[in-house]
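Each of the next two complexes has chain A plus one more chain, namely chain B in the first and chain C in the second.
Coming up: the complex of A and B.
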């Protein structure tokens, strides 16, 4: 078990290194995306500011807390792009039959397809400037943050992203049966993304909370993590629920992955 | 001899949707079951070089895919190096290599050396051994100059050489090759064929599918012919040629042009002062004696019927069955 974790970590680090080399292989880098993310961030901050010029709080969140929520939802979004990249690549590989060359390697195929491309360089390049702006805007001393609550919030964010990875992989698996799953995957990622990015945890109705925690687990890494970090939700309950959902989705993904591989037809190109 | 591959009554069926009409397809889709491989059995021993031959859709690639564990058989038994391939045991995967002529295993944005380094981690190859191995394989393939070039900048032949190095870097005991020379120029093909022979001499068992008969003749000693999912021939290439070759090609080269010959056989080619006939083997002595007596000849060539033609005859006759 420990040996397997050690081996997988080595491959993971190698993947990060070679994705970095791939990203920097071309001398003329495209920096346009930095402007795009920066512009989006500024627009959204202005939008929040306009709303709070008419009201004092939204779902119990002050402007400052809302900016903090925006910060965590943006971290979630940029991390999400790594997951999205790899799952899209998985769908293409199954379609083209290129998965063959991964399945014949002595690595966990699920692990390898999940983390074969980790775009640290472009993620940092696109994420850092706009998020630095948000970090600068937040009045940190006014937030009800403690080291413990912040750490718990970050832990829930990490668990939420792992759940997202499992959930979205499951949504991509029909490609093994019907040869296509891009549409379903797009619906799943849009629902996941939309559910957690805009409304604070306290503002979501109970039946939607259930849906977006257990069925389309989109509110865990951003809304729930923010709520825990700000001390608005019970941290232990939130952590327990997150672990439970993680286990359910991991087990489901593992079972469905095995069934999917049995149905792999290995397209000849 | 050591059995490396053992296949017993292997069968693979695929379900295929039959198009009827939009609404029927939507609510009550009709499905037919197609047998891609039907009860095939064979064994392969250590160090053998075996070709899988057959027309498109015959079932040869499906067989290779079952042997490498990529797809699950519908029924039957398969063992490769003592393992059941579709269980994807890590030890088995460390001991096999796969090259697919129409699929890229290396990252196009990286150099070959960078891609190989990732394989070093996957196969847990010690650094000094890794460098020695890459150097050894690159020397054999005459490809040392391309190791630090981005894969996408390489020609098809150079890329295939890199794919071969990548598939052999971990010293596999069995190498599966699916159309390794597809689309390559003649010199690249020759280099790769020679390389595969060298690799086989070092004890690697080779299983190859190809439509190029020269690949088969140069690389393999044994041929398994599959047609319509059924094994129709399994023996050495020489025996195949002896058994199925009931014809010979005779090429008469004369000292003048436009000479007509009366030969009991099919005229295959006419080239200024040379005529090539396809004749039955038993008619050959008589034809030669008569022609030599009646026509002034510069030279005579007697050629075996090309393997390609023999294969085409086998495919035709097995289809009729």
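Coming up: the complex of A and C.
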């Protein structure tokens, strides 16, 4: 067990170092990328502002609370890019036969494919300036936040991201059987994104809440986490549901991964 | 195919849901039929006009300029931009069919009150396409200067989404901001063609917006023509 954790940590560090070297190769590309994410944040803040020029609250959320919701949805979005990259690469490697190289290594293939590229540098670079701007805009003293509720919200955010990783991996697995899963993966990805970042948890109708918690778990890391952090939802129930969904998706991913590998026909052998 | 349809409808669904929530939590009068129709038509118009994240600029900028495939076009007696436009249209044919269905569905949900409104919508779409064409040329030509021009493209497209009326109909902007945003070129690619389906007669508003759109179409196409010509001199590819 200890050996396995040690091996996985070594792989993780090696992947981070290699990704850092490739990410810092183009200087202008780096600058422009920050510019783009910064601009996106500004356009979205204007979007929220325009909505609030017409109304006082949206589903019980004030402008300040909506900005906080936007902050958490942005944290999940940037974290998501790490997950997204690796799953896209998994689909490509099944098609090209590169997965062979991973399967022959004495490492957990699921772990390796999930974290083969860790974009720590580019994520920090793209995330930090726009998020600092949002953090600066939020009037923190006006928010109904306590240390406990904030911690619970962050915990739900982390659980939600782990669920997202498992969910998207499952959506990518049909590639082992039919040779294609990019479209399904894209739809899952878009649905996950759209559900999590547009409407506050309290405004989502019940049947959509069920869909986007248990089937396409997009609202857990941002909308539900925000609601818990702001004390609008029962934290224990939310935590229980998040753990339950996490276990279901982890078990499903693990079973389906094993079945998928049995169906893998290498392109090179 | 199902995945393609779902991918197109999911974001508008959540925007409509947001407006539903807004209508429930405030006293503002929001006609949900109008909102649903707006987002359906705007999504269709956006795809047909290649206004936001158009395949045209993606193929011309990334595949042709960045990867050096422009070489094979430069030695042929064809216009590289128009040639690429044809490829882009051919590649997204299913998206076009879907977009037409979206527009028709939008018009069924909130029908135009006269035949003139349909004519007006189509006319604004044609002019909007000219503006979008120029924008796509600008976005592609960035790749002559910066090999990884995606960051710039992305910035331009974020602006288009907000100021073009894809996120939010421009009529909900604060009045001072609205009067400025409506005359910018971004509105001519999504917002104006969408609301043009509601012009029931050739009134003052119709002519005002048509003139604004035509001016932008002419000015931007002249500028993009010269920008492309000037930028092409910088092209330096392996194989030439």
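One rule holds for everything that comes next: the second predicted complex is superposed on the first by the 260 of 269 C-alpha atoms of A that agree within 3 Å, B and C clash if a C-alpha of one lies under 4 Å from a C-alpha of the other, contacts with A are read in each partner's own complex, and residues count from 1 in each chain.
Convention: contacts are C-beta pairs under 8 Å (C-beta built on N, C-alpha and C of every residue); 3 or more make two chains touch, one makes a residue touch a chain.
Note that the structure is predicted; figures quoted are calculated from it, not measured.
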Side-by-side fit of chain B and chain C on chain A, or clash: fit
Contacts of A:194 with chain B and chain C, given as first, second, both or neither: second
A:47 touches, of chain B and chain C: first, second, both or neither? second
Touched partner set for A:98, first chain B, second chain C, both or neither: first
Chain B versus chain C as contact partner of A:33, first or second or both or neither: second
First, second, both or neither for A:110, with chain B first and chain C second: neither
Which superposed partner A:123 touches (first chain B, second chain C, both, neither): neither
Partner touching more residues of chain A, whether chain B or chain C: C
Chain B versus chain C as contact partner of A:138, first or second or both or neither: neither
Minimum distance between Cα atoms of chain B and chain C in the superposition (Å): 13
Shared contact residues on chain A - chain B and chain C: none
Residue ranges of chain A in contact with chain C within the complex: 26, 28-29, 31-33, 35-36, 39-40, 43-44, 46-47, 50-51, 53-60, 183-184, 186-187, 190-191, 194-195, 198-200, 203-205, 208
Chain A partner contacts - residues on chain B that touch it in the complex: 14, 61, 65, 68-72, 86, 88, 90-91, 93-94, 96, 98, 100, 102-105, 107, 109-110, 114-115, 117-118, 121-124, 150
Of all residues in chain A, those that touch chain B in their complex: 7, 10-11, 14-15, 18, 21-22, 25, 96-98, 100-101, 103-107, 109, 262, 264-266, 268-269
Chain C residues within the chain A interface of the complex: 3-4, 6-7, 10-11, 13-15, 17-18, 21-22, 24-26, 28, 146-152, 154-155, 158-159, 161-162, 167-168, 172-174, 177
